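What follows is a short report on a single structure.
The chains carry the letters A, B and C, assigned in the order they are written, with residues numbered from 1 in each.
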Amino acid sequence: MTRILAIGAVLILASLPFWADRGVIFLGMEILVVVALAQAWNLPAGYGGLLSLGHHGFVGLGGYALYVLSRDLGMHVLVAIPLAGVVTAIFALFIAPILFRLREVYFAVGMWVAAEILRILVSRSDWLGGASGLPLSGARDLPRAWMGPSAYWMALTAAVGTTLLVWALMRSSFGLRLRALRDDEAAARAIGVKPHRVRLIVFVLSAGATGMAGATMFFSSLFISPLAAFDMGWIVTIVFVTLIGGLGRLSGPFLGAAFYFLLREGLADYGNWYLIALGAAAMAIMLVLPGGLASLSDRFTPSFTKTKEQP
Amino acid sequence: MLEVEGLDAFYGDFQALFDIGFTQKSGETLALIGANGAGKSSLLHSICGLTSETGTIRLNGAEIGKLPPKVRAELGVSLSPEGRRMFSSLTVRENLQIGANTGRPGPWSLDRVTELFPILEEFANRPASLLSGGQQQMVAIGRALMANPDLLLLDEVSLGLAPVVAEEVMAALASIRGESQMMTILVEQDVSRAIAASDCFVCLLEGRVVLDGVSEGADLGAIGHAYFGEDDA
Amino acid sequence: MIWIETLINGLLLGGLYALFGLGLSLIFGVMKIANIAHGEMAIGGAFLAIATANFIGLPLVLTVPIILLMAWGFGFALQMAVINRVLGSDPMPPLLMTFGLSIVVQNLLVEMFGADNRSLDIGALGTASIQIGNTSLGVFPLLMFAIALALFGALHWSLHHTRWGRNLRATSDDPEIVGMMGIDRRRVFAMVMGLSAALAALSGMMLAMRGSITPFSGGERLLIAFEVIVIGGLGSIWGSLIGGLVLGIVHVIGLRLDPASGPLYGHLLLLVILLAKPEGLAGKARSR
């Protein structure tokens, strides 16, 4: 039943470009990108306890990968977007040995430093357009009228893909090992879980999905610059959407994204106040509803969160 | 006087104690005996307020059951915990001094504790973590005594110590026994040693009191049955 | 000669960095959590000082202690009302909570003060310098360095010679059992958060006296504080001092060789340290 509903919802969402106007298509694309980013972040953070404050580095890296693949290899953008995810995943594979020397809160902040390094290096690279950025040369691959819908469908693919990925992983024995590791590393080791490998796999998958979502976002903007690509705003959105929606819950990113966009659009005339409200809402949720909005409807959603014991 | 009635204790969702009740008179030493996991440490912890518990705990007539650990300490509950739990970045002297934080008046002072355990004088300025197990146990007991408690809780004070050191610690405890109105609850693996060092005893099995009585002339056979939960009827 | 001057300037800047790190290191040492809003506490304190000094016109000698007191009170109240409620075996809830706070504070500052550069005017002191041999050293950087060293010394002394310091170290060792020593750990945590916030505000004000800040300067301050404690080695206040001095020297040398590099070389130093000596320069092997 749930599956039929879900497939129906995806089909309706897929048809959106045929009946909605450009503004709605763009907003829909943004929402789907945020859902994909939050799912990708939730995988290591919510299910694996591997929390990163540097995923904006992967967003920017995915974006730049798209621009370079399209410009230097002449790749079609719709091929380059998934490949940008692969590039980001490979990058994650290489930095993991360094960053995995940090644990818990130190890993979280260390990831932020890594994202900063990326931003500075990119803004100093002439090859990548320096601080002023790059236009998307491959934009001529597509008829202008199909740009918006293509980005939208790409974002839908990313959102559905990351959701299915997390769903499938959490139903597998791998998901079991991941959660065992989060809940009690010593006990997990004792039953044969290899912590490093499990963490590496979710980290790389998460980076890849984030890179692909980032590439989708910057495909639609037709221009990329270091400040936009490596904006802290990405990680702020990702973290608070997931937190408000529900860490370690499949429906969390959807609920959180709905909350975020309602808040942003509702407070559109009040400058930065939506961010103040977002931060305050996240803090309030942590105090009164640690499972996020998704925990309100536990009965209807698959939950992978252990019940925390009360101190 | 310590009165415990209808005490249930929990660690999270796990219930460790069920309907515990016993009474201890001032000046007495009570031996708490039972197999591993019977709930001995849990009982000490709930008297200290380190578990979540329901029921009544009255110390010298005052209900302490709902109070936070800090306030119970101020009212005279003092614990020498299992595993000693030294403050590893504090010196021996500091570990002892911190025991007197509650500022309760009484006979115990740094001098008095080092009189009881002379070796601690020598190591006063060393980090407590560098001491041997027996010496750490002396620090833990000394730290608990520094509070000038009305109720001293000693959890497994001879665990992991060489027999000769364990005897030394027990002898020191015996030397102060009955010299004041202080009550002592002693958790001890060695049943005959526990009975010898106490005025009365409580035997726990799976979180419940299965036997209690006066230590002098206690029937070790009956205690053994209660200890292992054997039905001898 | 220019290199000696660069080295000394790096050392002096390092004193300020060490102060940023010290506040964060205290929090981690006692509570095993990270305060992501550490940078915003620094920048927020500096902006409040700017408001008090520039707009109300209070002299700096009064402004600084008032801001320090306010920061202490803010840290204390924050810990009591918010952080203590999410403290537990999992260090992530406090991290996320302070991340939320950092975004709230940062954007409140933007709304209140705009996104422009601002600084705290210290008059002639800002440009005064003394000549030692061929090198010229700023009086204010020297003063900052002296204050930083004095604070490290004072903290070390009070950790080891006061009852407060003893209770704090004991709480850091075993937060559960200290209750039986008549210590309320939530209060100890709140005192530490207050102290950390005051140290952050002090370093933030010094930063605004030395140069200029925007409401967005907090993130970079947090990263510097973080690098200071990882480079120096976790868990000791002297590690923070060493980490701060090393980071200061690396930043100043990096900027001299490569003026557009910003904090890049400090960030890269962190990676090098993680690869070569993950326990930090002053650290023993660490368990987590």
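Before moving on, here are some points about what is shown:
Here is the rule we use: a contact is a pair of C-beta atoms (placed from the backbone, for glycine too) under 8 Å apart; a residue touches a chain by one contact, two chains touch by 3 or more.
Everything numeric here is computed off the predicted structure, so don't read it as measured data.
With chains reduced to the mean position of their C-alpha atoms, the one farthest from chain A is B. At the centre of the protein atoms shown, by the Cα-centroid criterion, sits C.
Centre-to-centre separation of chain B and chain C, using mean CA positions: 43 Å.
Between the Cα centres of chain A and chain C there is a gap of 31 Å. We define each chain's centre as the mean of its Cα atoms; on that basis chain A and chain B are separated by 53 Å.
Chain A has no residue in contact with two or more other chains. Chain contacts: chain B has no residue touching two or more partner chains.
Contact residues on chain B toward chain C in their complex (touch as defined above): 48-50, 68-70, 73-74, 77-79, 81, 85-90, 94, 97-99, 101-103, 143, 147. Against chain B, in their complex, chain C makes its touches with residues 163, 166-167, 169-170, 172-174, 176-177, 179-184. By the touch criterion given at the top, residues 28, 33-34, 36, 82, 85-86, 88, 90-93, 95-97, 99-104, 107-108, 110-111, 219, 222-223, 226-227, 230, 260-264, 267-268, 270-271, 274-275, 278, 288 of chain C touch chain A in their complex. Within the complex formed with chain C, the residues of chain A that make contact are 49, 51, 53, 98-99, 101-106, 108-110, 112-114, 116-117, 120-121, 124, 232, 236, 239-240, 243, 271-273, 275-276, 278-280, 282-283, 286-287, 290, 308, 311.
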